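Multiple structures are listed underneath, in structure tokens.
Below, chain A partners chain B and then partners chain C, in two separate complexes.
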Partner chain A sequence: MIARSNRIALLAVPGLAFLAIIYALPLFLLLFKSIQGAEGLTLASYIDFFGDEFNRTVLWRTLRVALLTTLLALVIAYPTAFAMARAKGIWLTVFLVALVLPMSLGVIVKAFAWSILFRSNGFINTTLQAIGITDEPVRMLFTETALVIGAANVFLPFMVLPIYSVIRQLNKSLPEAASSLGATPWFRFTRVTLPLSLPGVVAGSAFTFSLAISMYVIPSLIVGERQQTLSMLIARSFLYLRNEPLGSTISAVLLAIAIFVVLFSSWLAGRLGARQ
Partner chain B sequence: MSSLTTEQSPKQHRYLDVVGVTKSFKGTVVMDQMNFRVARGELVSLLGPSGCGKTTLLRIIAGLLEADTGDIVLGGRNVSSLPAHKRNISVVFQNYALFPHLTVAENVAFGLRARGMSKTDVQAPVADALALVRMESYADRPVSALSGGQQQRVAVARALVVSPDLLLLDEPFSALDRKLRETMQIELKALLRSRGITAIFVTHDQEEAMGVSDRIAVMSNGKIEQFAEPSVLYAQPASPFVMDFVGLSTRMSGRVVTQTDGIATVRTAIGEVRAIADYTAGTQVQVGVRPELITPDPTAEMNQIKVQLDDVMTLGSKTVLHGVTSGEDKFLCELSGIRTGYTRGETVTWGWAVADTLIHEVAA
Partner chain C sequence: MTQTDRITIFFAWTIGIICIIFLMLPIVITVATSFTSSAVYTLPPPEWSLRWYRSLDRRSGLWEAVQLSLNLALISTAISIVLGTMAAIAVARGEFRGKQAIATFTVSPLMMPGLVVGVAMLQFFREIGLRDAYWSLLLAHVVITLPFVMRTLLASMGAFDFSLIDAARTLGMSYPRAILKVLIPNLAPAYLTGGLFAFLASMDNYPISIFLTDARNKTLPIKMLQYLEEQPDPSLAAMSSGLIVMAIVVLVVASRTVGLNKMIDT
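This part shows the complex of A and B:
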């Protein structure tokens, strides 16, 4: 006889097997390549990677872009999530469709659409010049700013939806209780609504940061080779340089960052959750 | 019988004055020209079935909901245009609405902190408030670790610590089990009395309303049907609705056939019933009687009915006899203590004093 809980655990076997074969095994092999030297195991390729000024620049740029993307998405998503949580019926549908539909459009279509907006004779520049704010076209395409704006746009749903679902579930009496206890709207927001929405903010930020740190298509299309990110460096190592140890090493660095983000955010969420 | 719906309020009843409040949601009027007055230090209940507008009235008084028309005057000050946080009216919500991210003490401190008091200054009053509800040993616990009764105590402490001008409680006992509910009712009533708090309880439970309040406003469809002391509500319900909602009773409709010397004789499906009333012959009425006023040993001058004993319930402190008339009307006869000698199925004659008949005119 197998205990009931054990039998239920059997249900997880197909999923675990799938993950193990398709995800964990190749990843493990990849990581192994990064420490495989001519004679035995070595950290040489890590020392090489971090020793190179260019690689460090790319690493910092990747982190910076991911962080700025997360912040921009958060600033836009937070009020949006509140509006959605208040929305009813048709308006809620409109919000959800507006949020989810662009995801199905694919990044490529979006990126080319943006270039119409951002290029030197594009919509923004002609408008800026027409109303006399600038004389010369401002360079926007191929800049980090454009990358952050574009990435924030693509990842916005991943920020909005977790925050929205947390706010949606908030007990509506809590802000009212705060008011009836004499709290001004500002006091009420900072002491009640904001702290209670933080689990959504943490989840959304973790999603967005993880996606932004490993994005490949968006920077390839918006900034091209001029401002590389880690993912582009990985692709280049494998595809053009045929340098598997380097590619594996950068992958390992990226993975380490991603794991740190996941652990940190779940620790943070746990701490926030423990108080609730 | 008077058909007066609201008691004439003397001047001292004017601590809280709700004047002509009307509210509609998307074109549906849920409250029409509501007038409602409470005296300082009074404990009042809003009693009525679910959906009759109790919470709506409470929220309008608290400033959490805006009335379409009308005024809220509290202690001589018109607060109608003030937002909730400037009214100094505390609310104990139906689900208590404790802040889940704060400890018990932080919850209680919230109102004082919102009023700009420093962390050190709030410590003494918070400790006092927690002691008042006997929760001082829970000060540093998260509120999620509390039972329903403890949460209610914290909610009460949080509401009282700010010395509100008025305390509003929306079904504060509904989440508690029966035993705890009765204990909490007694405790809370004593606490509010000792501090001279003016409070309005919202409830749909008539026993609870009768237990905790000085006066009860019975509401139906956004209107106050009767506003009176519990004893008056019970003995002299102003309408069939109040009679039905407050206490048990059997009701029968009928028509007045004669009226002599202030005694109306009503023809009903179960025969003639007499009541003290000055309705003229032909008036369509509803008559009723409370179960404890029915006796199984009627005298000749009483109203009498023949019933078949359907059930005998021995409840310890009382015995309840269920009787069914030939017209399938159900009557209850409540006797104090344990009674024996009643057999199911036997046909008996019950009766009640003419003066105990409740009678109301109804629309024909």
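This part shows the complex of A and C:
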């Protein structure tokens, strides 16, 4: 007779089988087909892809935009999470609503709103001109800066929440204990609060970065065709150019980056956990 | 409290308030532009009007897209809740190796590029001869919703006292009945939160769905992006405002029953 705890393990089978067939197998086949040539395995499609300067520009732009988006989100999110962990009553509710409401809204709605905001006759330009910062409308739509701002806005809740939950759980007496032992505020922050909140920073950054390298709706509404990203190249090669081999190769490149981010961040999280 | 402490806290609050404004800005802008009388997006609007709300009637295929999206979101979330409950119980109670790997695997679709998953599914479905757009979309949307359900259920079942199930079994309940009558009501907040975010993710998905639709089966996000390309007038802001109102209603109900605090915990 099988022990009950082993039979309970069988409950995982339907869900895992479903994901294995409908999600993991197709991704595996995609990766496999990208190295399959007429005679055996080949990296020819990758050599072609990386040999093209245009593709390298797009790859570099995708990584740069994702990195800048993650940094901008982190710079706003860390102090916000810090303030939120101290907030009580109505202020805490305001913070929570400001995070959860945008999270419940579709990406299309938010990206569309940013495309209105960045227009040359849009809200930001009219405000800049009204307060006299500039006389002429600044071209913002279709620029990389606009893309980074819009993307950081959409992904910000995913950066704030993990950092908030770590800072909130930090034992409140810990910085105070350090202080009673004579530590300066700066020492307390750099040696106590910051290291202990790093797991939240890693979790939030990994999630934001992986969303940002693969975003499609946001760049197609804010920068359009002028500044291609890997996702837009994939969509273009499948939906417009009907060039499936090229699309599959770019997909495999993007997938490899995404898997690397997942593995690297979980390794980093493990290291941080072990150190504490 | 020292001077440095006060400066740090003041700085954190300043950024925090800027962050709140930054997050709410797109929502406020969308609602404001939806009531404009003009055909371009000028702010503030020259005159207030409901004309773009009325014009939604004339958008062909909008209602069909809303129905298809609601249908996919409801059914795929329901399937994910069943599959997710079983898998999460197995991870919480079963004794076997690789539990962490199962948890990572079931949540991983959240971090995979949507377009790539969509492309891979398109090629796979074509190879196995699945040509029906609705069924392709439904299978794909279970993959979209399952991670959200798994994430909250794994966290909450880790904290659940399973001796309650044993107690119910001693009192004569069958195992499935004990799960239904004891576990699920106890974990209602997790089910509501996970189910809600799963539902919203399905309603909003564009990158995976775009590869699996056909002329007759277009989901709401696909239809909205198509309108944006063809005729980008403020009726899109009106559509978006409708979705904003829906999100607010759902959140008010959810925060009354679960509490906003609990919703972000998982």
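Going forward, the second predicted complex is superposed on the first by the 267 of 276 C-alpha atoms of A that agree within 3 Å, B and C clash if a C-alpha of one lies under 4 Å from a C-alpha of the other, contacts with A are read in each partner's own complex, and residues count from 1 in each chain.
In this section, a contact is a pair of C-beta atoms (placed from the backbone, for glycine too) under 8 Å apart; a residue touches a chain by one contact, two chains touch by 3 or more.
Since the structure is predicted, the reported quantities are computational estimates derived from the model, not experimental observations.
S.K.: Contact-wise, after the overlay, does A:Ser45 reach chain B, chain C, both or neither (first, second, both, neither)?
M.R.: neither
S.K.: Of the two partner chains, chain B (first) and chain C (second), which one does A:Asn153 touch, if any: first, second, both, or neither?
M.R.: second
S.K.: Let me test your reading of the model: by the given contact rule, A:Asn125 touches which partner, first (chain B), second (chain C), both or neither?
M.R.: Touch partners of A:Asn125: none, neither chain B nor chain C.
S.K.: Now for A:Asn55: first (chain B), second (chain C), both, or neither, which partner does it touch?
M.R.: After superposing on A, A:Asn55 lies clear of both chain B and chain C.
S.K.: Using the superposition on chain A described above, determine whether A:Thr208 touches chain B (first), chain C (second), both, or neither.
M.R.: neither
S.K.: Tell me which of chain B and chain C touches more residues of chain A.
M.R.: Of chain B and chain C, the partner in contact with more residues of chain A is C.
S.K.: For A:Leu96 in the superposed arrangement: first (chain B), second (chain C), both or neither?
M.R.: A:Leu96: touches chain C, not chain B.
S.K.: Check the residue A:Gln228 against both partner chains and state whether it touches chain B (first), chain C (second), both, or neither.
M.R.: neither
S.K.: Check whether A:Val217 is in contact with chain B, with chain C, with both or with neither, and answer first, second, both or neither.
M.R.: After superposing on A, A:Val217 lies in contact with chain C but is clear of chain B.
S.K.: So which positions on chain A get touched by both chain B and chain C?
M.R.: Common to the two interfaces on chain A: residues 184-185.
S.K.: So in the complex, which bits of chain A are touching chain C?
M.R.: Chain A residues touching chain C: 3, 5-6, 8-12, 14-16, 18-19, 22-27, 29-30, 33, 76-77, 79-80, 82-84, 86-87, 92-110, 112-114, 116-117, 119, 121-123, 126, 153, 156-157, 160-161, 164-165, 184-186, 189, 206-207, 210-211, 213-214, 216-217, 220-221, 231, 234-235, 238-239, 244, 247-248, 251-252, 254-255, 258, 261-262, 266.
S.K.: Would you tell me which residues of chain B are touching chain A in their complex?
M.R.: Touching chain A from chain B are residues 62-64, 83-91, 93-95, 97-102, 110-111, 113-115, 142, 144, 158-159, 162.
S.K.: What does chain C use to touch chain A in their complex?
M.R.: 2, 4-5, 8-9, 11-16, 18-20, 22-27, 29-30, 33, 40-43, 83-84, 86-87, 89-91, 93-96, 102, 104-106, 108-117, 119-124, 127, 139-140, 142-143, 146, 150, 196-197, 200, 203-204, 206-207, 210-211, 221, 224-225, 228, 236-237, 240, 243-244, 247-248, 250-251, 260-261, 263-265
S.K.: In the complex of these two chains, what residues of chain A are touching chain B?
M.R.: Residue positions touching the partner: 171, 173-174, 176-185, 187-188, 191-192, 195-196, 272, 274-276.
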